[in-house]
Amino acid sequence: MDAQLEIKAESLAGKKQKSLLWYKIKKNPMTILGFSLIFILAALALFAPWITSYDPIKINMAERFQPPSASHWFGTDEVGRDIFTRVIYGARLSLGASITIVVVAGLIGSVIGAIAGYFGNWVDQIIMRIMDMLLAFPTLVLAMVLAATLGPNLINAMLAISIVKIPVYVRLARGEALSIKKKLYVVAAKTFRVNDFYIIIRHIIPNTITPVIIQITLDLGDTILLVATLGFLGLGARPPAPEWGTMISTGFKHMLEQWWYATFPGLAVFIASSGFNLIGDGLRDILDPKSAR
Amino acid sequence: MINIEELSITFSTFHGKVHVLDKVSLSVNRREILAIVGESGSGKSVTAYSILGLLDKNAEISNGHIYFDEEDLTKLSPNKIQKYRGKRIGMVFQEPMSALHPTMRIGDQLVNVIKRHRKLSKKDAYPIMLDMLKDVHFDNPEDIAKKYPHQLSGGMRQRIVIALAMSGQPELLIADEPTTALDVTIQAEILNLIKELVQKHNTAVLLITHDLGVVKEVGDRVCVMYGGNIMESGSVDQIFESPRHPYTKALLSALPNHVDRSERLQEITGEIPDLKNRPEGCIFYSRCSEGKSTCTEKAPACMQVSEAHHVYCWEVHS
Amino acid sequence: MNAILRIDQVSKKFGLFSALKGVSFELYEGETFGLVGESGSGKSTLANIIIGIHPPTEGNIFLRDQAFWEKDRYCYKTPGNIQIVFQDPQSSLDPRMNIRQIVTEPLIPLPESIRKEKSSHENLCALLQSVGLQEQHLERYPHEFSGGQRQRIAIARALITSPDILLLDEPTSALDVSVQAQVLNLLKDLQKKRNLTYLFISHNMAVVRYMSDRVGVLYKGDMVEIESERNIFTAPNHPYTKKLIASVPDIANGVV
Amino acid sequence: MKQVIIKRLYLLIIVLLGVTFITFTMSHVIPGDPARMLVGQRASEETLQRVRENLGLDKPVWVQYLIYMKGLLRGDMGISIRTQQPVISDLIAFFPATFELAIFAFLIALGIGIPLGVLASIKQNTWVDHVSRIFSIGGVSIPVFWSGIVCILIFYSKLNWLPASGRLSIGLDISTRITGLYTIDSLLTGNFKVFADTIRHLILPATVLSYAQLATITRQVRSSMLEVLNQEYIRTARANGIAEWYLIIFYGLRNALIPTVTVVGLSFGALLGGAVVTETVFAWPGMGKYVVDSISFLDFPAIMGFTLIVVVGYMLINLMVDLLYMALDPQIRE
Amino acid sequence: PKPVQQETPEAPAEANGNSNPKTITIAINADMGTLDPGVTMDNMAWKITYPTYERLVDFDGASTEVKPGVAKEWKVSEDGLTWTFYLEEGHKFADGTEVNAEAVKFSFERVLSLGQGPSDTYNVIGEVVVEDTYTVIFKLQNPFPPFLSTLAANYGGIVNPKVMEKEENGDLAQNYLAGNTAGSGVYQLEEWKKGQYIKLSLNPNVKTKPAFETVYFKLVADASGARLQLEKGDIDIAEGIQIDQIEQLKGKENITVIQEPSLFVDYVYVNSTKGNTALTNPKVRQAISYAVDYKVIVEQVMQGYATQMRGPIPDGLWGHDPSVFQYEYNVEKAKALLQEAGVDKLDLTLLYSDRFPNWEQEALIMQANLADIGITLNLNKVAYATMREMLDKGDFDLAMGVWSPDYADPFMFMNYWFDSNNHGLAGNRAFYLNKEVDNLVREAATISEQAKRIELYNKAQSIVVEEAPYIYLYQRDFVLPISKGLKGFVYNPMLEGIYNLAEMSK
């Protein structure tokens, strides 16, 4: 008796989404460039022990401050370690730290933001005032004070940056939540009398995830730089671990004579940061429904 | 006035080329209101946009011509077509809220357009702007001119949009679902306004809608579109009194208007076929209740059933 | 006829603005009550008060003498007995859930046993069948469906708790005429089969006329007229009703 | 309008209380004794004790906080432990330098970023767009400490075009202090030699600093332009025959600036507190260096003072953003 | 030759500053705190206070001995408790007031009642008596042989008693003096642009006019920047240049590099009582002392601008014992010692901060060195303030350290480093405890006869070298690149970083 509606096309489902994505990525050469840069860096970091025969930690005073050459592509540092080796091993730390920071901040931030946006009223007020405080806080003071309190090491630097980054995600997620909670599917869920946390978890958060992911990739570039800056100010990884910012910080003092010391880790920061930014920009174009077609 | 001949438009998308319009021909005369009806996705808006060269970047006119007083608009450069926009051809869109610049005063928006079309200074354009507002039934044009769009109701906004479109005193007015977002009572006002302006300025109107009621109310002639093809065209009376195309008939009987409450409504089963691979024959065949084998073989040719009443259907041929 | 739902002097203020001004009427079991009125007249607001989204400023709703609101708290304790279908099938389904998840969502607050039973595969299949969908659709996502199909999904979701009352807030306004016909037919069939009571909100007079047994006209928050379907279209009393009916363009000249 | 300002001010107080409290407690649990920094490491225990008492460091933290806040009400931010001078006078000495640098960097970034963003958006996915993106991504990706020193090497050491450090050449003097901004003061007093010198000193650090800002602005303008240009009202205006350039600037950019204002305002706030590295590299006598030194000295009053001024600055900028927002968007005005 | 200034017509005035023979510009790398000689303990500030104030006595040229300053002569009583100073007439403060006995009394009493860092040194003073206008007597509470030397230190600066007019709520003009000078030195503070520069001008009442009428201390925090400016001739002296860059600078035509032995030592605290228990065993400490490759540190890290220390008292200060034992790099011996001590696996931490750039390199080298003898050294880099707190509490195993004397007396090393009363930051940072050493150094501090004192200190030295509570790394050379035209600079190891501006010219 009912008209049997045909489903649009059997193959449409996942395949359509994927091919669409691929199509859009292909149209975005910059994004491909970004992915390649990160991919190369990640591969270097992952396969570091097979790529270089030097030890990133072991010192060799006899080889101190060698300029770039066939045996030391990026030269050596003040205790004779191969800078190329340290840069690629450093990718593990620097990229790892940045990704952790941003993902942690992104997760915490979007949950808090979803809660603020969904509940509104005083919950929103309190959360957003706290976020105002965090936003208003001079990043550096927070990071340095935290580092000074807990000890200047990478973990604390990461903690500080995460805290600083959270408000961005809270704002983003809150904004999304504000619009999502007006969506009929949320209104509908309310009429079923499911509880608020279910709604937040099942409806609000999954639907804010796309902008959050975009923001995460965009933030990664920034974070790498921030980690490096904190490293530059002596709040980074503990020696002798290789970390780009710390390397730059030390190398910076030798910029005039041993230019390679700060330049190559600087280049690595530049590549990683641009890579993530390109990906983020690309994702924004690709995942943004408005740019569909 | 305007004459569209065998217009075909293709969009390149990631799945491939979508043939959205297929040999659409229609024409509108001065002082005439031509209504285009058809369900969502049938190509009504694309037809309208193609006239003003406002198609998206991925569109391509693969066939046909659009003659506007002997000039083929499809052949014009973007710069030249710009001269037509607003000046000779006006356009009204569906959503009155989003069609107006949200942070610019109504008066300024109108003045900007008037300035351009009549080559006037801002000061000289102002009184003309006030007249235009009066034309669309605002009694206090000065006040209105100072307002922002969000301070007006939907009906008021739509009148502004119409004023904007009319400000260049165009010869052709294209109205793409101008009342869909409005209440029935306001809709009636707007439709009356359009009728009135047509009378006053001798404008030709291309009215796009999916509301058959609206068509009946204001249209002189009707084009029924389906899947990028014209199915049937004729005067309002011809179409409503004696529809010949199965699609037109189905459309009319799907309306609950004159059906007894105990009866079931007529449904049109199925969906528009994939426009990427348009079928060889009639596009409506898959949903047609009267279809037969010839329909799948060749696209139906135009059939004149009476004066100015054309149908594209093999069934009618026979 | 039995009154199943009683709307009693319901008023609603948003800030200073009165969206509803003491509206009262009753819904009889098994009937379709059409609610018409211009945009902003308070139709959706009323539905929202019934379903528990907004508390009324004054007045109350009773279901067989059971009050819905205690101050600002919705205290109607039988989840799923009243369900709502919204206008826009696109945004009323979460794009990130598949159809199974969407349709079973209303069961979540129900007791474990009922939930188990209702969400069993056979039950779901039968439900989908009844709204004209198929079993294989269960694992798909909303974007894979057409507008009419989505509205069917929304209806299935409303039906899964076997409600007595269905609030239909402009269920076909976003749909094409051809699809509208399908949905209206479906609604009629279901009503017959399940003895549902409908509150049918629309501003399309023809649709209201086709669907409703009685019609109420809301005008700026006031219920200006409640009449049987026949009376309201043939002999409207209130001037607004008259204007409303007169402004409806119709394919036939003269009466609607 | 008035309400917004009042609301903001009231917010400012809440945020200030929160931020000062956090900073205060945090800086007081840091291991390290400021009294010790002051008396020198070899001091005896009694001397140390005496100095601690003098500084009030022997009292519980919350008492110290109350004392501090009480002083603050009178406009007294305490005496810096490191410089032994009122924090307020230190801040007055350092803040204008940071502010001037930030403003210049900001103007440069706006001047380049907005046109670049607009260009990239109207030429979306063409080489213009790609080049502008690469260029602006460079800004967010190149560490300032690196680009700074490279600039010095090129423009100071090699080309000798621009000075490498400070705000003003030694020997030149800006005798009257009106605003503390050298560019403005020198103009006000008609001292064009100083003005030219100040500008020369500003160019390198401001450019380096602006480069990072530039990216944010360009990207924001580009994406909001893209969004705005897709709006119906743009299509309407186009259909009404508005000229394309007029459309882009007066219909498009005008609205694209609304979201940009927020992003840019926030980033300017960050600039105030975050130009440390640039200031170090260019020996710019701003607050960044001051706060880094203060932190390593555990100079609480100075850290507090800095935090306060940044927070107030940030909130004021926020207020300005809101007001600007209202000016740009009539819907919010009501 | 550099065609410096005239390239651009409107070349910045800073270039003129340098070519002007009456002006000297010195790049410093950190701003200073208070300039009050009675408060400041900061070497940076001393650069300003030393030439702007006079003292009773001054260090003589490059020597660690003193010569007459304001006091033309002095005598000390037999028991070492009464010191009488006869002032030279005609010394005037910048405002024209004459420097007299009252001013001396005022200054020292002021230091004592301020009770800040400098007062520590003068706590021995029981009373300052004005005998007549030009005679002042110091009565000490107990004999303190280094007393004369302390008077030549910065905190012995004589302050114009008129500053009391600037006193605010009983602060003894502390607030005023923080940003102003009120001394009788050759120069006075004319302008202090925070974060930018400090400008000194002549004291109008000075008897003999020096070559430089104006002195700029220009803040250039980044050493590379300072170096570039020196190379271009925009400044005369660049402080804080990395040791690694010195070799390059030596090659520049317009730059001279001054290199002098200093009394500044780098050493490592080996926590002998509060750290890892293994370290209480002198054998383990010795093993560590043997394990360090001194040569690499001196030659690579310090680029040869240092000499390995021999005993705690540095070469150049009296009391230095050239015959005391010196550890050398000997892995075998170190291993053997560890074995003797019964230690085979040891996990230690090395505390340091970013205060000195060479610390990290040295830490890394020591990490490698100790690994060779089976000791795992974990590096713990913390903020400087934190490091000091941890040092004070003894919360470390090994820690990097530096030391330089405030006055020229072995007391500065022996009593500070080894007296168990000074455990913690005060001086005995190794938390070293040896009753015999305690007695030796305490006795040496109370007698005035130098030969006797040397004998006692020598005895103590041989014990503490043997017991190795510190790793005696090296004694730094003072290295300073200056522009070639600059003449007359004399380095005094007691006045690290302080310039004899009045004697310099170009």
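Should a chain be cited, it is by its letter among A, B, C, D and E, assigned in written order, with residues numbered from 1 in that chain.
The criterion applied here is as follows: a contact is a pair of C-beta atoms (placed from the backbone, for glycine too) under 8 Å apart; a residue touches a chain by one contact, two chains touch by 3 or more.
Here the structure is a predicted model, which means the values were calculated and not measured.
Note on connectivity: the fewest chain-to-chain touch steps from subunit C to subunit D number 2. The set of chains touching subunit C and also touching subunit E is given as A. Annotation: 46 Å between the Cα-based centres of subunit A and subunit C.
Mean C-alpha positions place subunit B and subunit D at a centre distance of 54 Å.
Mean C-alpha position of subunit B lies 33 Å from that of subunit C. Multi-chain contact residues, meaning those touching two or more other chains, occur in subunit C at positions 146, 182, 185. Shared interface positions of subunit B, defined as residues touching 2 or more other chains, are 267, 271.
The residues of subunit A that reach two or more other chains are 3-5, 8, 148, 252, 255-256, listed in rising order.
The touching residues of subunit E, when paired with subunit D in their complex, are 7-8, 10, 12-17, 23, 25, 30-34, 36, 39, 41, 115-117, 119-120, 123, 174-175, 178-179, 193-197, 216, 218-222, 224-225, 228-229, 231-232, 383-386, 388-390, 392, 406, 416, 425-427.
Those residues of subunit A that touch subunit D in the shared complex are 27-30, 129-130, 132-133, 135-141, 144-146, 148-149, 221-222, 225, 228-229, 232-233, 248-249, 252, 255-256, 262-263, 266, 269-274, 277-278, 281, 284, 290-291. Residues 39-40, 154, 183-185, 187-188, 191, 210-214, 216-218, 240, 250-252, 254-259, 261, 264-268, 271 of subunit B are the ones that touch subunit C when the two sit in their complex.
Residues 11, 14-15, 18-19, 22-23, 26-27, 29-32, 125, 130, 133-134, 137-138, 140-146, 149, 153, 219, 223, 226-227, 230, 266, 269-270, 272-274, 276-277, 288, 291-292, 295, 298, 303, 306-307, 310-311, 314-315 of subunit D are the ones that touch subunit A when the two sit in their complex. For subunit C in complex with subunit A, the touching residues are 51-53, 74, 79-80, 83-84, 86, 88, 91-97, 102, 105-106, 108-109, 131-134, 136-137, 140-141, 144-146, 148-149, 152, 154, 157, 182, 185-186, 189.
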